[in-house]
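For clarity, chains are labelled A, B, C and D in written order, and residue numbers in each chain start from 1.
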Amino acid sequence: MALLRTSDGTQIYYEVHGDQSNPPVVILNGIMMSVPSWAGFVPHFSRHFRLILMDFRDQGRSERKDSQYHISIHVDDLTDLIDALEISSANVVGLSYGGQVAEMLAIKRPERVNSLVLANTPARISPYLAELGEAWKEAAELKDGERFFKLAIPFIYSDFFYNRNLQWLKERQKMFKSTLNGEWFEGFIRLISSNPDFNVLEELDKIQCPTLLLGADRDIITPIEEMKAIHERVRNSEFLVIKDAGHGAFLEKPGEFMTAIIGFVLKNC
Amino acid sequence: MALLRTSDGTQIYYEVHGDQSNPPVVILNGIMMSVPSWAGFVPHFSRHFRLILMDFRDQGRSERKDSQYHISIHVDDLTDLIDALEISSANVVGLSYGGQVAEMLAIKRPERVNSLVLANTPARISPYLAELGEAWKEAAELKDGERFFKLAIPFIYSDFFYNRNLQWLKERQKMFKSTLNGEWFEGFIRLISSNPDFNVLEELDKIQCPTLLLGADRDIITPIEEMKAIHERVRNSEFLVIKDAGHGAFLEKPGEFMTAIIGFVLKNC
Amino acid sequence: MALLRTSDGTQIYYEVHGDQSNPPVVILNGIMMSVPSWAGFVPHFSRHFRLILMDFRDQGRSERKDSQYHISIHVDDLTDLIDALEISSANVVGLSYGGQVAEMLAIKRPERVNSLVLANTPARISPYLAELGEAWKEAAELKDGERFFKLAIPFIYSDFFYNRNLQWLKERQKMFKSTLNGEWFEGFIRLISSNPDFNVLEELDKIQCPTLLLGADRDIITPIEEMKAIHERVRNSEFLVIKDAGHGAFLEKPGEFMTAIIGFVLKNC
Amino acid sequence: MALLRTSDGTQIYYEVHGDQSNPPVVILNGIMMSVPSWAGFVPHFSRHFRLILMDFRDQGRSERKDSQYHISIHVDDLTDLIDALEISSANVVGLSYGGQVAEMLAIKRPERVNSLVLANTPARISPYLAELGEAWKEAAELKDGERFFKLAIPFIYSDFFYNRNLQWLKERQKMFKSTLNGEWFEGFIRLISSNPDFNVLEELDKIQCPTLLLGADRDIITPIEEMKAIHERVRNSEFLVIKDAGHGAFLEKPGEFMTAIIGFVLKNC
């Protein structure tokens, strides 16, 4: 639990868990997440990893900014963080938006990435994803956690998960209601506005490190076909699919999610 | 283009196309649709069918009601219509919400259904579908066609369709903006509120007529698995799947949609 | 039930069913089939079509040849047949090997094809298909219908079909045992040897007529992905998928098979 | 590299790799495999595991028996082996036939299994699998490695793998030709004859240890649907799917295979 002041003076919140001698693993959040989203994973991951969690600017306990930025700014923040932690080469796990940041890091700073896991991650903002972004912005403008949950979350979790975990989802809806405030929504809108032009498809061949694609068969945000396009362009990448899960696979099927990540990182360390 | 006054005095709009000697086919709209949604299909269907299109109460040019009703009320309206048209036994094609009405008719009045096509149709409102209904109600409460389009439509058409037809979708968004008014939204909310308890799974074995399930592989509203549950319960039913299409398959892939319906109805007449 | 003598003097067996005024539909057999394989379909198809069935040379009651030929020879035989029947432009339905012949006809003689249905059909003999051909030749060399059935048929019907129709399959195995003789196996080997170099992928853009791809989700001989490659190259083609069926979909799911073909042909006549 | 004499006096070949202090992992072969099939995996697995490989009786360097046995006999052999190695509770990874043995061990001797990985494994011999067994017996009776390869192997590897690795497969075919002898085929026939009545579906709820199902989306021998039936019956089991691979996924996609196994075992140790 610490704060880093980045080169441009922004405060970034991060946590480090696990033994210093374990392989360093940085996990990058999806757009609606923050460090506490990983609470259930910390005990497992920290047994095997030196686990580094961080909030992007405009997420969680990191600083909120008034002005718009491009998603690539997080690559600089992340580089500052791994510099500060004296990690020469990290194992980077990115989820969705965090996966986009991970892709950019692996392309621009290949020497800093030992291995890469892209979970439910796109290589481009397709027209569909851009429209989904518009829908989410529209929902965020209401600045009401409950209505935001109702409007945005059915895109994220699969019907399969809704049909089996309705009570949990209702609890979560209440939590959104009580915790998401105006600041949160403004940060969220900046985050979502940071990447409409994101497209690294043609640069993926620069990724040389061992790479795992981790998809989910009911994910409509980053569907299997989009992830397969990454798999075909990243040399020797692996591709595992979690069954009966949506874009929120890490929460819908945490066991499978951890199995794949622990196995892939340890195999490559 | 005519109006029927039903037994309970409600005005129902309907159209009849094609030769009187052709087999009678009634098409039942999805929840956001109305008779003009079928404009592109009329020339094709009316070559083979005596085609009957209708708006449910609270849709299109049918009467709007002040008070809430149950989805089963449409079964009575529909029966009144086929009585008035002196059709002893119709071929009924239902799409989504219209498919639910078609299921109820085939269960309650089997003698009036010669064959049945259930396109992108559920047999129950699953918890996921109920939450989607809540999302759509929330979006409708904004009473703004453009925002409604942005929030609700990405559930309906597949990413595949968005990625190839963005311009058409943007035109449509404008049309929603200019045509959906307060009355429309109120009707829509009543329609969506008419079926949270809908579940005919255990009555499907009463359907004896030839039945075609027509699904789409990227439909997240009535996914293949839910339609397979219908297929397994309706004796000798057929099941065809449209590739690379979502819940709006009839519009995403009109060719496949017509092929399946024309073939199935003519085979069974 | 008639014999045609083709331009090169080969006797081709064919049958014509249904009213002369119906649209002409020619159905082309898969490699192990012959005219009687369609017996169950004739009553249905002949209500709507002027149905023409034929055996390729080396199939059924057509002449068996001593020497090897190329698959394209069937295009000439087929052209002779539709000439003799004075059909200026036919609706052509090809199944697997028959679909390959149909593709070649539509490419070389587009004016003779009004519409095209390619059921479980490849556009090329992939390395996998070539090896499967080798396996089948190996099995045919045993010249024993029962052993041939055991070795070759599990590639054709899906596990789904085996698990529900074992008794029927066992009966069929007996039929293979009693009816497949040395001549049959020699003809089969020539048929399978006629197309190792078959590849029309780059010519598919010449197909201009309405085209339906009809696939099956458990078909390992002509899997969905291979048929999708055809779909993407044939302008405005339609693609329907039969659920829970293998390469033998026409027999596993005859209802769906007929629905798609009747609908597609009648829509385009 | 050692031999164990089991309670009934049969010689079982096994190997132990990796540090004694690592978690013990026993890998059980598929029916056509033997210890050397894992050669490429030993360096990776032995970094993390105390890796135990073994040949079932009638496989590789284990003793060949004249008389028929039931598949359950391997459970006794395996128990003898883990007793001899003084492993109180092993992590057991079974592939296909080996997975069936692993299931039986976990059901009968739950105290001896710490965690379980079932890769491309059935819970019952379906009618389809039984017929496939008949096909393979038929192919084995020819006692010719090359013809056996041609007839049996296209069921195992996916079309995807054939289309990209034909040369490797041709080399392998030669290897089959030169190494499979009469003894091998007799052993293989006994192995395949040992399990036509295998069905543990109704006993799967006895499996209490952490369990990973590892399937492949083009596997026609143990298709995803059959493995899903296991997933639904084994409490809290995980299910990961390897994309674009067949029943031979361990060889088609060794990276994904190792990632899943290393991650799952280490997470549960």
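Just so we're on the same page, a contact is a pair of C-beta atoms (placed from the backbone, for glycine too) under 8 Å apart; a residue touches a chain by one contact, two chains touch by 3 or more.
Note that the coordinates shown come from a computational prediction; the quantities given were computed from them, not determined experimentally.
Student: Please give the intersection of the contact partners of chain B with those of chain C.
Tutor: For chain B paired with chain C, there are no chains in contact with each.
Student: Through how few touching steps can chain A be joined to chain C?
Tutor: 2
Student: If you average the Cα atoms per chain, which one ends up farthest from chain A?
Tutor: So the farthest one, by centre of C-alpha atoms, is C.
Student: With chain centres taken as the means of their Cα atoms, state the distance from chain B to chain D in Å.
Tutor: So the centroids are 49 Å from each other.
Student: How many angstrom lie between the centres of chain A and chain B, each centre taken as the mean Cα position?
Tutor: 38
Student: How many Å are there between the centre of chain A and the centre of chain D, using C-alpha atoms for each centre?
Tutor: 36
Student: Please list all residues of chain B that touch 2 or more other chains.
Tutor: In chain B, nothing touches at least two other chains.
Student: Provide the full list of chain pairs in touch.
Tutor: A-B, A-D, B-C, C-D
Student: What residues on chain D touch chain C, complex-wise?
Tutor: Touch list, chain D to chain C: 126-129, 131-132, 134-135, 138-139, 147, 150-151, 154-155, 158-159, 162-163, 166, 169, 218, 220, 223, 226.
Student: Can you list the chain D residues touching chain A in their complex?
Tutor: Residues in contact with chain A: 44, 48, 212, 217, 224, 228, 231, 236, 238-244, 253, 255-256, 258-264, 266-267.
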